[in-house]
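Shared between the two complexes below is chain A, which pairs with chain B and chain C, respectively.
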Partner chain A sequence: MTKTRRPGISRRSTLALMGAGAMSVAAPWVARAQAKTIKIGMPTILSGRVAQLGTSSRNAVMLEVEKVNGAGGLAGRQIEMVIRDSKGQPQEAARVARELVNTDGCELLLDGEASSGSFAVHEVARDLGVLCIHTCSEASSLTADPKQRIPNAFRCVRQGIHDSIVGGSYAASIAKAKGLKKWATCSPDYAYGRDTTGEFTLYLKRFAPDIEIISESWPKLFQADYTEVVTKILQAKPQALYSCLWGGDLTSYIDQANIYAMFSQMEVFAVNMADYTALTVVKNLPKGIHSGNRYIKTFPTTPENAAWGDAYKAKYNEYPTNWSWQNATAVMFLAEAAKKANSADGKKIAEVLKGLTIKCPFGADGTVTMRGDDHTLVGYAIGWGTTIPQEPYVPEVKAGDWKTIFELEAEWKKSKGYT
Partner chain B sequence: MTQTTSGLIIGMLLFLVAVGLTLIFGVLKVVNFSHGAFYMFGAYFAMTTYQLTESFALAMLAGAAGTAILGLVFERVFMSRVYGADVLMQLLVCYAFVLIFDDVVRIIWGPEFKAMGMPAAFQVMPLFIAGGVVPPYYLLLIGVALVAAIVLGLGLSRSRIGKVIRAAAHNPGMVSALGINTGLIYGGVFALGGMLAGLAGALAAPVRSLTPGMGFSVLIESFIVTVIGGMGSILGALIGALLLGLIRSFGSQGFPLFVEGLMYLFMVIVLVSKPTGLFGKEAA
Partner chain C sequence: MTELEAGRAQTLVPARSGAALQRYRDVLIALIAFAVLASLPLFTGSKALLDFVIRCSAYGLFATSLNLLVGYTGLTSFGHGMFFGLGAYSFGLIMQKLGVPIPVAFVATLAITAVVAAIIGAICVRLKEIYFAFVTLAFQMLIHSTILSWASFTGGDQGLRGGIPRPVFLGIDLSDHVHLYVTSCALLILGLLAMHQIAQSPFGYTLRMIRDNAARASFLGIDVWRAKLTVFVLAALFASMGGMVMALFVSGAYPEFAYWTISGEGIFINMLGGVSTFLGPMVGTVLLLLLNDTVTRFTEYHGIVLGVVILFFALGLRKGLLDFVADWLAQRRDAGEGR
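Then we have the complex of A and B:
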């Protein structure tokens, strides 16, 4: 008797279906790869004390995405951003990132998290294999440490070690010229404050070996009253002060130090001063505070940078932040890489991104590069200058020298055992 | 000497916040967890008034009066309903309002930090008094706090209204039976407490950045002050605040990595040796 096939689903097609199902569970973006629009997921900090930075990241991304979509999209596919609040909590950032890929169908990730969160998102990217560009974390180890490296993650952010080298060399040149030998430091008491201060003083002493740190203060993050810190520093009578306080903490500190006339008694080097969020808030900004550039539309002094800063302000009625330019640059990289790869596929874009140089308003020479060997941004405009209380706030910025940065960075990586 | 004056400065501002907290507890027996929000509102009211009028005096007045009204409304509409309730219930209502008030500030003034700026009159060189450095603005701050301490201390112990308040704290039923409106007294005390926190916020506004949630860290320190000084004692709040200021000031010199720890350690020592605080009274 000949067996006839029973109606319904055959074993073979059941297996095929199960296989496809398993594939879409394991790699869901593959199933949606042919969708017309491409969803890009972005966890960032939209509530809490640093919400302003997350909002400025979202604004910059949307500004650039509009341009990319206007020019035809990512390899012909319109970008749809899915931006979610992580509240600045690492575990929430990781959860949101996973959900964006697995549930919302995002094929690429922009990680708009601060350092703590970005390491968590990095692990999600490692697990899911989805292309992820970190756009806010400045922690050097994120890309410098080979243990962190994965083929599908890149960092489009300034880096702590670069800032320290440029800051140390700039401060040492001022110290030599003005004979500033006794230094004090005052930085927030958490990983960023301690690491950044340590690296800054390391390079300061390297370029000017006779410098002595005579007083250290570590106020806690978000401290309200700095009176005891200010008076302690005044009593130590240093010739110069370094601080990496930032945001509202820095503006509080300046207001409180101002009434003790601190700024007339020593040279102050505050790496995070030249950011519009702080510059526009302080009402009595002392003249002559030395600061690194965060984002300032007058450095680099190019029409492209000024135009970008003005376009942002026209759209959002405030100036961009340091996080803004980094996020904008990430979208520029994605657009250029997709064009070169002629595809919006994450793997193909990742291949092209390695070592890619693009034209960019924030480049030291009009271009920035995604360095191939450690997937991190180099060639961006980096420098230090002194403040004045009104626009342009930092009229002259002395640019850092990328040749020196590369040499000392290589040395630093060796000393850390990274190479 | 500079560290002593710096301790005084820290302590006096802390006193202004803590005294309102201790006053409310002393009379109403409510641990007002939302007290920090009044400090925050005081600062924001002062900043806005200063931006509109450029008058420092009006800014301070707006900070104090605005929070007094807010305190009165808050007490009459919400807190008065939970006086007889469980302590946990009171805490939950207060905590809910901490979150609500933070969001209200975020909606009205935005999530980013703001600064009021120091009035031109105080942008002068600091004074050197007995070897210590004191900015003139902080002299004003110390003066206001001292006046508040004296007026409150004498007012509560000597004046008729002070006696009524103390009586209401001791036996509200009896006071009510004597024909005195205890609801009005409770509302008035809450408004006074809120006003003191608001005044502290307004005085802090020129030297501290303003953010939603700024009241929380101040609230924690105020609790330490009231626990050290004794819940409900105004003299205790003053001594507690000054001690805490001095610990912060000298601790940052001697034990820079353990300043916070020192404050809590001191609180633990006081609690172990005198559980009611330095000037607290044993529960009846």
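Then we have the complex of A and C:
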């Protein structure tokens, strides 16, 4: 018997082996192509006076990105954040944003800039057509003004006008109950301070028409000494004081006004008080200052919000800021939109983002919405309460009513010629 | 003609033809430099590199114009950034509100800058040293505060929003990245060429004399005030050009452009690059932007790094980089000649 086949490797098995070999060589490549990371660029302020806020934005983003990556990433692609300092300079913000997209290959942008920097990044987004979510700029005109609007930019931030409507109605109810007719204001002398104070008093008078503003003070931004402001207000003897000072300015103001026992002589409404950056820094936090919520883990009073605040504190050993929740929410929006679009493509995500409602620990009813017609965040928890000197600092917050906010916001937009 | 006059005429003729030759050489170098820069997009697709050169144009024009004051005239202005901001804002506002063609807005901005600089200069250049520095700084803060407070016109601290419209002119579309790049390069080269001509002209030498000994210049019949005012206005015009390039780059104008930190950066650039050579500030610009861009990629503690670098230049080299190179070359040449 002659063997027709010699022992050894047959042609068939050779082919099979070659195929298997090719597969084993190619498999990681295929897998890698599928799991190709997606880079998200983020210019924010990591140096200078507001560096603390920029850092807290970065912390919140990283906290959420870890969760998204753990759950499989953005439509199957792991997120890699590229976060750079803009020093709070608009020309640097524009440069960094362009560099992130053009050189570093970022496909999406989170814009962690405040004020003028956000408008500079907005122009970059307009120019490059890349999907951009603003996460820190509270200037209402960024999304309310139709001239600013572009299909690829969204804003996931609270807004000055919303705060003023809620603040005005809350303060008016207190004013009526306590008979506070004579008011003074004390706010930083720049656009935010002037606009916010103007809008607050507008709504305050609307809800309580017999109120009178008897004194106005406009200290400079980052002023060190508030003695003249404090004495001016004390001499005017108002029954209530409104202030939109923030951060270090607010804490130095309170420390200096405490010397004159100002807080026992009038009701104080400081919209930016209820933020841990201010609450934990003031030496003797007076009891009973009325404040809007910036970020406070006790409002909304849900286990999800408390858990988020605790998780952040556990990881970074400090409490989150107002910028933190906004940045975290932006990542949540991206994750949900990518899931719905089944793609990490900026254009497809932008389509889905319009009008998208997601579950969110910072929502007034457990959800927040990216309003479709002006690409801005609504439905977030917003309210006012009074301080106590120790944790939880603002034990009870009275929630604002979004129905009223929507009505008055529409009126305001019309008065500005935006609609 | 006396013998003396005849002798002087003979020496003047070659000097004049020498000046003409120098001018041709400058134009030739400028043309070559422009050709090299303008052909860059043919070799590289890197948008970041083009962005870098556009920013170099803006800051380079600004810093070199500051050197006309600091290096050539001895006027240390701490408020030169106001003209950078003024250029950006005037150009942006004219384009947004009037919708005129870009060259018209460009010329109008230069005219506005000239008027403002003449008024501010008339007050400032009478003063000396620290007083001049501080009054220019005061005017800068005045302009910065005006921009912040006049929110209905300038947009306040949020800047000029909504983008700067860029209608096409002469086939140039500045919303196209490459067109903007080539235009910025052209403005930079033209600006540098013009400033070099000013520096090398008899007027330029008058400025150096004023810097070295103003009393002597005055005794020689030079109207020192007028010469200082002229260079103040000229420097403002080039700073304003830099501001316009920056406004086009970011498609807006922001109060930070008129803030003292911009003036500070100008001084910083001059210290880095050196004030005794014409191209010192240009070298300083490239150095500063390179440092800034690379350091901010890796750390937010860029302030420390930049601080150490300036300390090295101030305490270590005791002059700018190009000053150091020029001195070193001169020493080598002297040594070579056996002196």
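Just so it is clear, the second predicted complex is superposed on the first by the 384 of 419 C-alpha atoms of A that agree within 3 Å, B and C clash if a C-alpha of one lies under 4 Å from a C-alpha of the other, contacts with A are read in each partner's own complex, and residues count from 1 in each chain.
Going forward, a residue touches a chain if its C-beta (ideal position, glycine included) is under 8 Å from a C-beta of that chain, and two chains touch if they have at least 3 such contacts.
Since this is a predicted model, take the numbers as computed values, not measurements.
Trainee: Putting chain B and chain C on the same copy of chain A, do they fit or clash?
Mentor: Partners fit side by side after overlay.
Trainee: So in the superposed three-chain picture, is A:V96 touching just chain B, just chain C, both, or none of them (first/second/both/neither)?
Mentor: second
Trainee: After lining up the shared chain so the two structures overlap, which partner does A:V229 touch, if you call chain B first and chain C second: first, second, both or neither?
Mentor: A:V229 sits against chain B, while chain C stays out of touch.
Trainee: Based on the superposed arrangement, let me know which partner A:S47 touches: chain B (first), chain C (second), both, or neither?
Mentor: A:S47 sits against chain B and chain C alike.
Trainee: Which partner does A:E80 reach: the first (chain B), the second (chain C), both, or neither?
Mentor: After superposition on chain A, A:E80 lies in contact with neither partner.
Trainee: Please work out whether A:A139 is in contact with chain B alone, chain C alone, both, or neither, and reply first, second, both or neither.
Mentor: In the superposition, A:A139 touches chain C alone.
Trainee: After lining up the shared chain so the two structures overlap, which partner does A:G248 touch, if you call chain B first and chain C second: first, second, both or neither?
Mentor: first
Trainee: Considering the aligned complexes, could you tell me the closest Cα pair distance between chain B and chain C in angstrom?
Mentor: 6
Trainee: For chain A, give the residues common to its interface with chain B and its interface with chain C.
Mentor: 47, 51
Trainee: Quick one: in the complex, what on chain C touches chain A?
Mentor: Touching chain A: residues 46-48, 51, 55, 148, 151, 156-159, 161-163, 175, 246, 249-252, 254-257, 261, 293, 296-297, 300-303 of chain C.
Trainee: Considering the complex alone, what residue numbers of chain A touch chain B?
Mentor: 47, 49, 51-52, 55, 216-218, 220, 222-225, 227-232, 234-235, 247-249, 251-252, 255-256, 258-261, 277, 281-284
Trainee: For chain B, which residues are in contact with chain A within the complex?
Mentor: My answer: residues 2-3, 5-7, 9-10, 13, 111-118, 122-123, 125-126, 133, 135-138, 204, 206-211, 213-214, 217-218, 248-249, 251-253, 256-257, 259-260.
Trainee: For chain A, which residues count as touching chain C in their complex?
Mentor: The touching residues are 46-47, 51, 84-85, 87, 89-92, 94-96, 98-99, 102-103, 115-116, 119-120, 122-123, 126-127, 139, 141, 145, 147-148, 190-192, 194.
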